[in-house]
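Just below sit the structures, each encoded as structure tokens.
You will see two complexes here that share chain A, one where it goes with chain B and one where it goes with chain C.
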Partner chain A sequence: MGTEIAHAIADGILGGGVYALMAAGLTLVFGVLDIINVAQGILVVLGAYLSYVLSVHLHIDLLVGLLITVPAMFVIGVVIYWLFIRTLRGAERTSMTLLACFAVALIIEGVLYREFGSNYVSLNAWYVNQSVHILGFYLADIYLIGFGLAVAAVVVLYLILYRTTFGRAVRATMQNQTAARLIGIDVNRVAALTFGIGVAVTAIGGMVYGSITSFTPNSGYDLISRLLAIVILAGMGSIGGALAAAVFMTTIEALVDIWQPDWSIVVFYLAMVIVLTFRPQGLFGRHAVRAQ
Partner chain B sequence: MTKQTVAQGSGLLLLLAVAAVFPLVFTNPTATNFAVVTLVFVAVASAWNIFSGFSGYLSLGHAVFYGTGAYFLTVAANDWKLSAGAIFWLVPLAGLAAAVIAAPRGLVALRVRRHTFVVITIAFFFIAQLSASNLSVTGGSSGMLVPQPNWAGATFNNPFYYVALVIAVATIVLAWLVRRSRFGLQLRAIRDDEDRAAGLGVRAMPVKLAALVLSAFITGMAGAVWVYFTGEAVPQFVFDPLFDLAIVLMAFFGGLGTVAGPVLGALVLQPAQLWLNLEETNSYSSEILFGALFLVVILFLPRGVLPTGAEYLSKAQAWIRRRRAAPGETAREPAAGADDAITPTSAPGGAA
Partner chain C sequence: MRSHPHRARYLALGTTALLAAALIAGCSSGGGSKPSSSGPIIIGTSLSLTGDFSTDGIAFEKGYELWVHDINAHGGIMGRKVQLDILNDNSSQTQVVTNYTDLINVKHVDLTFGPFSSLLTAPAAEVAHRYNFAFIEGAGGSPLVFGEKLPDVFDVALPVANELDPFVNWIKSLPASQRPTTAAYPMANDPFATPQVQLAQSELQPLGIKTLYSKIFPEEEPDYLPNADIVAGKKPQAVILGSVDVPTVAAFMKGFEEQHYNPKVFVAAAGPDQGSAFESAVGGPGNANGMMVPDAWYPGYPSATSQAMVNEYVAKYGGTASGVNADVAEAYSVGEVTAQAVEATHSLSGPKLIAYLHSGVTLTSVEGPVSFNSIGENVKAIAFIFQWQNGKFVQVLPTTATGSVPILYPKTNWSS
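Right, the complex of A and B next:
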């Protein structure tokens, strides 16, 4: 039993890395743009399908394929922002953008069904089914690779945000849009690029997710419900919080999974509801709501 | 004014009369089948609007109440072994069950606003769906059958039609009453600025909660009628994320926060979707169309067909009046300013 628990915790932490990355993209977009991109789940699936097409039809290795899929998802993100979200303004902007993202998600889901059907597929490479023996555990290679990629991507994200002029502009926009505009920041450009970055991480997330589990176009719902729960639990807009909450979620899930596989994800949602009952702003959130 | 009231009243009576004789004229089971489902959605879209449209709290989890009502009827009808007609008496009880679920859920979710509220409603939705597929009382992921009445095929749909019609009409009347009442005014004050409303003495939490419970009650009844009509309760159809989106689209399409808007939205979109499902064997084309329509509505008709239409109408009228009053260039400038002052009062015609 003891080893089972330890193994569940190890799996939870490693699996949490990739959720952390996807959730970081979601919460970054929220922090800068005040938009909940509910299409993030289906975009992860789209990223997974892109990797699938590259590896099955063009025989490009999954990791090498990221060099293509990450920029591709970035462009898709910028296009979605420019076409459907940029023009939405006014008092109802918050709910309108959320619904617009939902509509985009539906269209992507429909297109994926049309192209790939509803059969489960999974990604494959020589390292996907291997495992290594570390400290008495057999850990799947893909979990380690996924965790490493997630950590690397989060570090890159951090460097962009805190060590570049663009990152400074992003953080300024996060804090006060009007003031940012006054000192000469092109807020629209910052917003579009941030949305693109938030979506670009789904290429990595999708590649790892698709290697760990098999997926269909319908998997987007499962993903987005988890990601939303993570960012809500963490407190919306908090990137560090999202990382912690993601690891917390996957660990709890892996632990409950030992005894009650059917209920493991419900326990996580319940934890979220309990936390919100006592702390509506989430664990690491600063405010329950932004000023209207 | 009185002439307009009379015209509106007789128009509504005419509509009601048409609705009442509809299944007697169109006896084709497909037509009545469409009509029953459409009326269920008229009720649900109006009920959703009573909470979300009036209060501004966007709920994407009304399927929880719909599903609660549906499962209540299914389980109770099976356990109590009721006769076909008696099952209809479970419908109000199913509404109560949904209201009982809504109260604690609202107490948790209504403490937060805007995005966070929307996301929590989505989370509750997934909890409900997962629970329905895992509990033994709901029959797990394979679902349960509702005992079906052995009525003659030609008129089988009619009792369902009239029950759904009563619920739909009652909901519309209720929405109209709420909108005119002090309660409705408080809800709209919360929508516009909750802190200011609270400062003016609106007790926001009880008001929001009452609207949510009322909305859940109707949604639960509609879910019960729907599940009895379709004959089976399966988790992924009873708790369907597309259901949530569909009712939101209906309300947005017709006009959020108006009484007639969601009704119009349901009357146009639901038959269209049913027809599309009949014509197209691939569900993905209706999904793509649905998403595209949603984007068009959000980007170009953000306040819905009725308010935007009424706005254009009043703009056109004002323009004609101006042309008649002063057919010169000089009258343009001040009139344009006055025009701006009038239009944001969001179309009194849409409120009817």
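Right, the complex of A and C next:
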């Protein structure tokens, strides 16, 4: 039993890394733009399909392919912002951006169905089904890679936000858009770039997601509720918090799987409710994030 | 402005009367009771073209369309062409009810075909029952559907609870020294998956096959790694997986491979029957080798009509014969059975079709003979077990059945 528990904790921590990769863009976009990007799930799937195309048709390794998919997804993110979100203003902005993101999700899903059909596909590389023997049990290489990428993504995003001029502009925009405009920050440009960065990170999440499970254009719907739960628990806007929250929730879920797997999803969301009862702003509340 | 209380009252009465008349007309439509005409016979169906069941739903759509193409090429039914009216239910139990209500009550279709999965068939069958439609379907074979005991339900496929019977019988037939000694039964929480695995467990345990794991996990689980790791850690010699789709079984296979664990025998309730979609999702024929799945049909099914359908499918949609999904045959069979019933009764009337289908008559389909009991189970359906062997999907059980090839046992190791 001790080994099972240790293994479940390891699985939970590593699985949390994968979810953090998928949720990082969501929380970044909310933190800066106050936009709940409900298209995040389908963007993860889009990232997975881009990796699939490069891998299957151009025989480019999944990790090497990130050099192409990350910039590509950045451009897609900027275009989405520019076409669908930039012009939405006023009191109805929040609800309108929700609808706009949902429309984006439907459009992307439709295009993916048209191009790839409804059959399941998965990503393959030599390391996808490999594992290493550590502390008496095997840990999957792809999860270790995913966790490493998650930590790297959090560090890079942190450096961008807290060690660059652009990052200062982003944080100023997070704190007060009007004040940011008054001191000469091009808020629209910052917003577009931030949305692009958020979507770009999703390319990494998509690659790892597509490597651990088979997927169709419809798979995004299974993800979005979990990703939202993670960023809410983290405190919307907190990138490091997303990693911590994802690890916390997937570890609890993996532990429940040992005894009562049919309760694992319930416990996943129950954990979120209990934490928010005592800490409504999430583990790393947005105000704290913006004040840094 | 003057008020007209009497006029308002008459208006209200008249409206009520009209509504009542419309309601009575709607409720008494009697399942395809429109007078016959020379126009096409419209068959309405709701399919999961998007959502969780979309892979199967789209395969069903192709099966229905293939049958419509064939029947029209042979002059239609009773000399009338056949036309499909397909609505998308997005794999939703709520939407499927709306769709069939719409098809029957608003679009006034002549006949209905079933949706995909027991989860959707159960509520849809109740709608069809309300309007006296014969509800012939090909993917609602679980106790959830038959438990309703509706007289209008007719499932042309194999009842799912018995799907693993050939597998259990084969284990029983093995000498004790060759039988697996331990087994695991992970099951998705789904009316299709759990009954057959639980039944298999109840029959294998008395043989002395020790149960090391038997748990139900949520069907919507996005990551099966922890579940797969727990099963792998117990190292059962047999895994009987209650899966509902390709990702579930692919995730368990991947988890097992990462844990360097390979069961002697691995049978999954669904997933390996998805042809090339399964093979590509699990990383190729090497990994698929030895994987087993119960079903009533496979692309090499030894019947002339089945072979013709497979050839036609490949010509129309491309791919190879081994990549043809069993859903296609199930959908095609629904059309065949419907056509035979309509031709025999010379009627589109629901009550007449229901009475005919309950008469004990044996009909034919690409999946074999079809005959229904009182709750709509196909009592003539024969269960087979299929296995992936060197990139081919072949029938292996029952060992004495025509077309069965020797089973690959124990299963080969993972390829990578």
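Note that in this section the second predicted complex is superposed on the first by the 278 of 292 C-alpha atoms of A that agree within 3 Å, B and C clash if a C-alpha of one lies under 4 Å from a C-alpha of the other, contacts with A are read in each partner's own complex, and residues count from 1 in each chain.
The definition used in the following text is that a contact is a pair of C-beta atoms (placed from the backbone, for glycine too) under 8 Å apart; a residue touches a chain by one contact, two chains touch by 3 or more.
As the structure is a computational prediction, the values presented were derived from the model and not from experiment.
For the composite obtained by superposing both complexes on chain A, the positions of chain B and chain C are in clash. Judged by the touch definition given at the top, the superposed model places A:262 against both chain B and chain C.
Of the two partner chains placed by superposition, only chain B is touched by A:88; chain C is not. By the touch criterion defined above, A:137 lies against chain C but remains apart from chain B after alignment on the C-alpha atoms of chain A.
In the superposition on chain A, A:148 makes contact with neither chain B nor chain C. Once the two complexes are overlaid on the shared chain, A:71 sits clear of chain B and of chain C alike. By the document's definition of touching, of the two partners only chain C reaches A:223; chain B does not. Stretch 147-155 is the one among 57-65, 75-83, 93-101 or 147-155 where chain B clashes with chain C after the superposition on chain A.
Overlap of the chain B and chain C contact sets on chain A: residues 109, 113, 221, 262, 265.
Residues 30, 34, 36, 38, 84, 87-88, 90, 92, 94-96, 98-100, 102-107, 109-111, 113-114, 221, 225, 228-229, 231-232, 236, 262-263, 265-266, 269-270, 272-273, 276-277, 280-282, 288-290, 292 of chain A are the ones touching chain B in the complex.
Chain B meets chain A in the complex at residues 58, 108, 111-116, 118-120, 122-124, 126-127, 130-131, 134, 193, 195, 241-242, 245, 248, 252, 282-285, 287-288, 290-292, 294-295, 298-299, 302.
Within the complex formed with chain A, the chain C residues making contact are 49-52, 54-55, 57-58, 189, 215-218, 220-227, 229-230, 233, 245-247, 250-251, 254-255, 257-260, 274, 276-278, 280-284, 414, 416.
Put simply, chain A touches chain C in their complex at residues 3-4, 7-8, 11-12, 15, 18, 109, 113, 117-122, 124, 126, 128-131, 137-138, 140-141, 143, 212-216, 218, 221-223, 226, 250, 253-254, 257-258, 260-262, 264-265.
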